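In the two complexes that follow, subunit A is the common piece, with subunit B as its partner first and subunit C second.
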Partner chain A sequence: MKGAGGHGSPVPFLLPALLIVFAVLIFPIIFSFVVSLFDWPLSAGGGSRRFIGASNYVDLVKDKEFWNSLKLQLGFIFIAIPLELVLGLAAALLLNREFQGGRVIRALILLPVFFLPVVSGMTWRFMLQPRYGALNNFLLALGAPEITWLGDPTFAYAAIIIQDIWRMWPFVFMLLYAGLAGISTDILEAAEIDGAHFSKRLFSIILPLLYPTILTALLLRIIDALRIFSEVYVMTEGGPGMATTLFSLYTHRQAFGYMKVGMASAMAIFLLVISIVFAVTLVRKNMSLEKLEERGGDR
Partner chain B sequence: MKLATKRKTITMAVAFFAIAVLLVELYPIVITLLNGFRTDLVILSGQKFSLKQLTTTSYALVFKNRLLMKAMGNSIIVGIFSTALSVGVGAMAAYGISRFRFRGRNALAYSFLVFRMLPQMSLVVALYLMFRSIGLRDTIFGITLAHSSFNVPYVIWMLIPFFTAVDKSYEEAAMVDGCSRWKLFHMVFLPLVAPGLVVAAVFSFINSWNEFLYALILTGVNARTAPVAISSLIGGDTLTWGQMCAASTVMLMPVFVFTLAMQKFLIRGIAAGGVKG
Partner chain C sequence: MMKSKVMLFVIVLLAVSAMAAFANGEKAPATAAAMPQRTINVLLWDDPYPKALMAMLPEFTAATNITVNIEMLQPPQVLTKTAISVTNTTTDYDVVGIDEGNVPVFASLLLPFDSWYKGTVYPKTDPKSVTPKMYSIGTWNGVQLGVPINGNLYVWMTRKDLIENPTYMSQFKAKYGYALGVPKTFKELLEMGTFFNENGIAAGFGPFNGGPAGVLSEAVFMWESYGTKFIDFTGGTFKVVLDEDKAVEGMEFYKKLMTISPKGAETMAHVERQAAFAADPKGVFSMFIWPAQIAAYEDPTKSLVAGKIAYSAPPAGPRGQAAVTGAWAIAIPKASKNQEAAAEFIYWWSSKAIADKLVQANTIPARTETLTNPAYASSKPWLPALADSMKVAASRPRFKEIGQVQDVVKKYWIMGITGAMPTRDAVRAIVKETNDILQKAGY
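This part shows the complex of A and B:
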């Protein structure tokens, strides 16, 4: 086995990282759980803290806004991510060939991924403004009436989803493009010479070979979408009303709006459990230590 | 011959399609860059874009804005501290995991990876209460520590393959010479994995540079970082779009330069969760 040193202990090398991880990850998680069992106001002025057992969790289940935020969160995931996968796959298949400027185009398509989420949220908010926003300017020129996009619950919800698709499908594209490059061109060309029709080739050869990459992209996107906060926060602040209050935004509101830290912690634990399920699935399926080690040289 | 023409047509069609997609994808970025060179007034009045509007007024206002400049400075300091801490500690841990055999090695590597993917919202309420009670709220040290919660696991994950790739013979030769594990680590391994350290450092810095939620909750006037300061340029009655775009452009430049320069490592960098909200 590679790297079997034989002597010495790994503890001195691992200890600093373990201390940090304990201080800023493990302890806060335990602490969150403890807080979630209390009626715990944010500041001293909000009364005293009181142990109430699982009451916060029971209250959550009874809270209509909690279900609303969960519904919005799931809707976000189920609408945005499939579209990102389809767009990313289509672009990866189309651009998987050499043409002039191909490298430049692929690099430029990736730029939105690196657009700061906060800046992206604000830019989209700008584009959707009435009067001076780009979308309204365009529609007014066509003779359409002016619309306050982010003031309308349905449009605002659509807008945060479109923002996410705009920014993140290139990420899926990049992963799938790399996966496609890993499939031998011999296999693809052989199928072409055999006269295999494109759709047949796609479903019987490309997709099965690309399946592990697609799964990785899907899981990464789900994990990422579960924690979405900043772009929506600066774009709509969860409004109008509660129309774009996704899960993290509602947690934020519970803690720092309603000052109910216990409730917020119960939500935090709920989100944590879901995220861990997806993260563990991803890690076990696609990111085992053996795989990391195999990759060693080439990256 | 016919096949060749067909191929050429397809390639042309693909190129046109690619350019159309590119226009959509780059439009919001381009208007952000352009609006930085227009004044707030011109933008709010909804005038059509013309070259005559271009001015550096918004940039001048941004650079004169003390709070914003302080936040930019904080972002740089927090980014550097958090990167130094994470790369230092992370490199040691990655070495420990990849060059030693011990019980629970797999479980440890997995848990670092899973930690990397936890939502910040799940941690930030507890961190807020903890930091408030020990006086770390709104301090550079506090927010640096908070950023390490995602950067340390990230660096470990990035560096494991680099450490694993080092040939065993280096290790054996050094050990025959009676080299200690510590000396081996910093005299032999660190120079060999230097490219990995650079990549990990760049992405850690960007992670920290882009981070919003921890900064929003865990900092106030003293340790506020730039993403939060920029977001406060818009909201309520303040709609200083020009300044917001100018400041955003300043924030975006290092990110774009780094990522275009690091094309080769993007996939790995990103797959490990290199982009953060």
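This part shows the complex of A and C:
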């Protein structure tokens, strides 16, 4: 049990942690992958499953609803998250100073984050109800026509995105505000004395220094947005038609609507691959120590 | 002398009691105290019917020493939870409620009714006690797997405060030439609905465009009323038998109804329908109701129209009436370790005494004698309407892949009735994609 340096081997010390990681992280992924190779109708109980190799993956590729759900999911991510970042950054910049009532405002901004997704979805569903919903009543008072927000495919898709932005931009704000608070005021004051106006300070000092925080926020939001389910489920159930059937909703439908656990597992593996692609792109290429040191050097 | 008379009396009493028990062919009822303490877990759908039952559970526990843990979920979640929790070898529930469409899906996991224990306290449910139109929902491939427990099928609701309003009556008669009332035909439904809608009195119709199962119900309602079936079991297999022209006509008529429906009709589910009909004076004039939900509409604390609803069978289309069934069966998983107690609970629930109490709570048991009891006709006006609907009952197709078919129908039905796609194209897409599903499933 001696290591190369004459010390004891680290394996016994690492083993419990490795076992836990394997049990809670690796095993479910392996299990999902194995299940994805089977035709396993959930309704037939545990015993009735048949090995079919990659057939579930082949069927998925041929399924136009699968591609539709993937398109909707990626669209959701690429529309909602940049807007959340912009809003969160703007609010963080605005509130990164001391003023009367500042603490209260910062605390109030965070409230939507604490909404349960299912409650948020239900609240928005009722708010957008055409006849007795708050939004239409407000618009009607202004003379606008009644709009069937969740009955129109485009409006419904926009509504689930707006709901997500409303609920999650404060989360981005929270991270970026913490990042901003960590930037030394000396640097900013020195730049100001040197005559750098706000946009110069923003693009040359603040954003580069916030870069790791922005990437962290981006990564966390993408991972979260890939899993979005309950709020959309209660708001639209994927409708009208399939207009808001995001990837996660379609996976759920495969598993519990069609009882095809193998197919749902194949979709889960597909989602995992997408998540890894996002994570690798963001973390490996932008958050490596070399990159961060490079950026530090630039400054 | 006195002693021998007492002895004689006791002997005669014992003999009479023994003969009476023998004549009945039943054991003397066991007392609860003599029975072992047992607990069963029950998974049911969430609506006023199981809720009314819950209030009666202490009576069952007192009689049987069986404690019942009831878990109620929204119907889609009942399906999900059953799929996860019930397998061939294990089950979290001893009794499960199964929507009629899903009986084939779980058939292999359920204990056939013939194998259920004979009741100790309550006699085994007589299948003949169940309304005939409802009996088949608990069966699959000719085997009875569950006891149909609610008489749930389309009943029509019309607001009496609107059709009995003298001003509206005279205005309608002047315009259309016949009396305002409960719509008996699709033509009347459209004209009366249009009258109320155009005059800003109320929306003319309350569609259901929520979950896929409900949308399929509306499609089947229209298609059957226009004289075509959707899927039939013929020649030992399932086939799409939808007549394209009739299906298009049905969809076109529903599209017209959508124009006199409230805003947001494209996504109207039960919550919105109830809010529109029962809580908004300008809400909805006439629409179908699942009788299982009537209790909420007739609750004066929740509904503005309690006691003001006219019930009838659905209006007739060009080829007649159709009332779609949507009942639940209760069943025992094969893997249950408490099959005897589970059966006892179901026998109690489906008994006449409980059915009578459930009717009093404005809910709809499946027992024929309760539904047709004339004593309830005046105080529960939906019961005669229910009996009329039973005569024209129509079922949705049932097979394992129904979930996929429902999604296809929902997608193209909504597109057709909202004008997002020509109705003929929508019907063709439904036929094509349903055929693909059936073919892939090996039918």
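We take it that the second predicted complex is superposed on the first by the 243 of 299 C-alpha atoms of A that agree within 3 Å, B and C clash if a C-alpha of one lies under 4 Å from a C-alpha of the other, contacts with A are read in each partner's own complex, and residues count from 1 in each chain.
Going forward, a residue touches a chain if its C-beta (ideal position, glycine included) is under 8 Å from a C-beta of that chain, and two chains touch if they have at least 3 such contacts.
Not measured: the values here are computed from a predicted model.
Student: In the superposed arrangement, does A:44 touch subunit B (first), subunit C (second), both or neither?
Tutor: second
Student: State whether A:257 touches subunit B only (first), subunit C only (second), both chains, or neither.
Tutor: After superposing on A, A:257 lies in contact with subunit C but is clear of subunit B.
Student: Classify the contacts of A:56 with the two partner chains as first (subunit B alone), second (subunit C alone), both, or neither.
Tutor: A:56 contacts neither subunit B nor subunit C.
Student: Touch test for A:108: subunit B only (first), subunit C only (second), both, or neither?
Tutor: First partner only.
Student: Based on the superposed arrangement, let me know which partner A:69 touches: subunit B (first), subunit C (second), both, or neither?
Tutor: Neither: A:69 stays clear of subunit B and subunit C.
Student: Touch check for A:244: first (subunit B), second (subunit C), both, or neither?
Tutor: Neither subunit B nor subunit C is touched by A:244.
Student: Between subunit B and subunit C, point out the one touching more subunit A residues.
Tutor: Touching more of subunit A: B.
Student: Once the shared chain is lined up, is A:236 touching subunit B (first), subunit C (second), both, or neither of them?
Tutor: In the superposition, A:236 contacts subunit C only.
Student: Classify the contacts of A:151 with the two partner chains as first (subunit B alone), second (subunit C alone), both, or neither.
Tutor: After superposing on A, A:151 lies in contact with subunit C but is clear of subunit B.
Student: Of all the subunit A residues, which ones make contact with subunit B and with subunit C?
Tutor: Residues common to the subunit A contacts of subunit C and of subunit B are 131-132, 237, 256, listed in rising order.
Student: In the complex of these two chains, what residues of subunit A are touching subunit C?
Tutor: Answer in residue numbers: 41-48, 129-132, 136, 146, 148-153, 156, 236-237, 239-242, 253, 256-259.
Student: Which part of subunit C faces subunit A closely enough to touch in the complex?
Tutor: Spelled out, the residues of subunit C in touch with subunit A are 76, 79-80, 83-84, 86-90, 105-106, 108-109, 209-212, 262-267, 272, 275-276, 280, 283, 400-401, 403-404, 406-407, 410-412, 414-415, 418, 420.
Student: Applying the document's contact rule, which stretches of subunit B touch subunit A when the two form their complex?
Tutor: 11, 14-15, 17-19, 21-22, 24-26, 28-29, 31-32, 35, 43-46, 85, 88-90, 92-93, 95-102, 105-106, 108-110, 112-115, 117-123, 125-130, 145-146, 148-149, 152-153, 156-157, 160-165, 168, 171, 175, 180-182, 185, 206, 210, 212-213, 216-217, 227, 230-231, 234-235, 241, 244-245, 248, 251-252, 255-256, 259-260, 263, 265-268, 270-271, 273, 275-277
Student: Which part of subunit A faces subunit B closely enough to touch in the complex?
Tutor: Residues of subunit A touching subunit B: 1-14, 16-18, 20-21, 23-25, 27-29, 31-32, 35, 91, 94-95, 97, 99-102, 105, 107-120, 122-127, 131-132, 134, 137, 166, 170-171, 174-175, 178, 216, 220, 223-224, 226-231, 233-234, 237, 247-248, 251-252, 255-256, 261, 264-265, 268-269, 271-272, 275-276, 278-280, 282-284, 287-289, 292-293, 295-297, 299.
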